[in-house]
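For clarity, chains are labelled A, B and C in written order, and residue numbers in each chain start from 1.
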Amino acid sequence: MKFKSPPVNSISLDFLTEFCISLEKLENNRGCRGVIFTSAIPTVFSSGLDITEMCGKSTERYAEFWRAVQETWLKLYGSNMVTVAAVNGSSPAGGCLLALSCDYRIMAENPKFSIGLNEAQLGIVAPFWFKDTFVNVVGHRVAERSLQLGSLHSAPEAHRIGLVDELVPEEKLQDKAAAVMAQWLALPDHARQLTKSMMRKSVLDRLVAHREEDIQNFVSFITKESIQKSLRMYMEMLKKKKS
Amino acid sequence: MKFKSPPVNSISLDFLTEFCISLEKLENNRGCRGVIFTSAIPTVFSSGLDITEMCGKSTERYAEFWRAVQETWLKLYGSNMVTVAAVNGSSPAGGCLLALSCDYRIMAENPKFSIGLNEAQLGIVAPFWFKDTFVNVVGHRVAERSLQLGSLHSAPEAHRIGLVDELVPEEKLQDKAAAVMAQWLALPDHARQLTKSMMRKSVLDRLVAHREEDIQNFVSFITKESIQKSLRMYMEMLKKKKS
Amino acid sequence: MKFKSPPVNSISLDFLTEFCISLEKLENNRGCRGVIFTSAIPTVFSSGLDITEMCGKSTERYAEFWRAVQETWLKLYGSNMVTVAAVNGSSPAGGCLLALSCDYRIMAENPKFSIGLNEAQLGIVAPFWFKDTFVNVVGHRVAERSLQLGSLHSAPEAHRIGLVDELVPEEKLQDKAAAVMAQWLALPDHARQLTKSMMRKSVLDRLVAHREEDIQNFVSFITKESIQKSLRMYMEMLKKKKS
């Protein structure tokens, strides 16, 4: 599955809706046993949640957006398929979450590419299920520091802390992802799926149990004037950068 | 304690019964403060649960077998003694669990020896308490991947991921195990035992709380025709290999 | 904040009371966003809980002491400020806990300095919240072994197992701590604080829920004749060492 939402694969409500529909189709297609996620846009895997979805919208729209973010994660983290992220560009925040939710992460070893849950840099807080997913991958100490600092890790550093499983030269990334997929698909599906579900169930269940509360938290946080202001400033900065 | 159940130290019901009786005797012997587990059979520490115990038997027998597997783990993981595994050969599946349940694992650095919870390779699923024990040793990310792939790790790789604590040349393994044991026995028993119990209690309690359910799961899984068929095929393959 | 309680920064009831008052003042001072903890005494960061507080006192006094130990940890581990430990000397037991409770640990790379939760060496058991804090930093396997053996890790070893985040030459320790603090303070406070609280809440809540029980445990353990005897012997040994 190739993300192609120019200019930077921001995760908008449209992106999420399409992602969920595509994933569900593949999930229900018995011929499809695995998915490789990568980007059709050079230098960016996914730039994370679309900030325009978090600025100047109605409460209902915020809730709808957040429910779609949750749904995407529940489907991806809980997928029965083998999921491999071929991270061929930078991947901050929500983009990092997509990669973290896969079974295996391969990243182009370009030191300009970075990845991390950098929400704290924008003055916002990664929700508990982002945190749970992150802790499952890098452990508590690394997650605590990285989340507090909102760190974006260069590819080599991401590899060193275990955020990505493997680095390969950019031109070999897709081949490597295909080889890894072949290795995982050599296993009998049923046992692999039950094992994956056993490993991830408690973290998935936790969001399911607190889903509405989590939406309320997001909406009440994002509608604060101070947060809206800092997001508007951040968007202005991005616009200036571009021009 | 030397495993000697030729040809490959398969964990049969007899093996488990004898193991539990021996362990309990040592546990109740105040003169015995620690046990080193190793194999009397060259190249194999333990080949794991005996597949003949899982094929073509009655429901009652499956339940009896599984209860004995649980009992062995509860006794070993919860032992008050210092437990050191001197892994002098390959140690797949249930053999790996025995090693994981000790306080310390030393492995002969022979790269032909491998260790891991490879259940997924046979189309079966390691139960939750195998998983919990594994996660406590190697962490969530490594456990998730290794269990899904049913990986058997070579000795050097097992050391790198923390599955074993130390590698030594084969001829020095028993001496090293004795030296480690002496180091652990230098500590006052009472504080060490309370500390060990504090670290392992939640995982032990989890099986105790779900023991009957876990037996039911095993029996209903193992009696499925598809599973029986794949185990029979695996046994045929092993027989052909031998001849 | 500089610990200065000669000769070895033992954590007495006075030390704890002063520590808590100072920390609370800083916490309520909106001008103060971070604290660096270090020692004014060469070669010792803190020698841990004062053994004279655990010997020959009344039950009420033991309970008061333990409540103060709990209070200190609850305040420090749950602090809204950025907390950096500049570990400029050895730091056993309770001294190690102070360091573990900070956001970041820098240690002088002097191989003579050691750090660890060595309670088991004295025949006592680190309470569950010491253990939880330790597991959050170094993971389950390392914590289990280190706590059972009551290990004191040299600075290089402490770095290798993740107990401290960074080693620097002794003369650069304070500068490095200031630089790290500046890096952490560059983040917006509110998001960082919420993130920290999300990471630590479950472990803090656990002590809050079991606080009285934990005091009872401490008092009944410490008043045992066998424990009193071994602590008196340990104190005699320390006195002889000094003279």
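One rule holds in what follows: a contact is a pair of C-beta atoms (placed from the backbone, for glycine too) under 8 Å apart; a residue touches a chain by one contact, two chains touch by 3 or more.
Because the structure is a prediction, the values reported are computed rather than measured.
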item: C-alpha-based rotation, chain A on chain B, 0 to 180 degrees, nearest 5; value: 120
item: Same vs different contact residues, chain B with chain C, by half of numbers used; value: different
item: Where chain B and chain C are represented by their mean Cα positions, the distance between them in whole Å; value: 36
item: Residues of chain C whose C-beta touches two or more other chains; value: 139
item: Chain C residues within the chain B interface of the complex; value: 119-126, 128, 131, 139-141, 143-145, 147-150, 230
item: Parts of chain B lying in touch with chain C, wherever the complex brings them together; value: 103-104, 135-139, 162, 165, 183-184, 187-188, 190-192, 194-196, 198-200
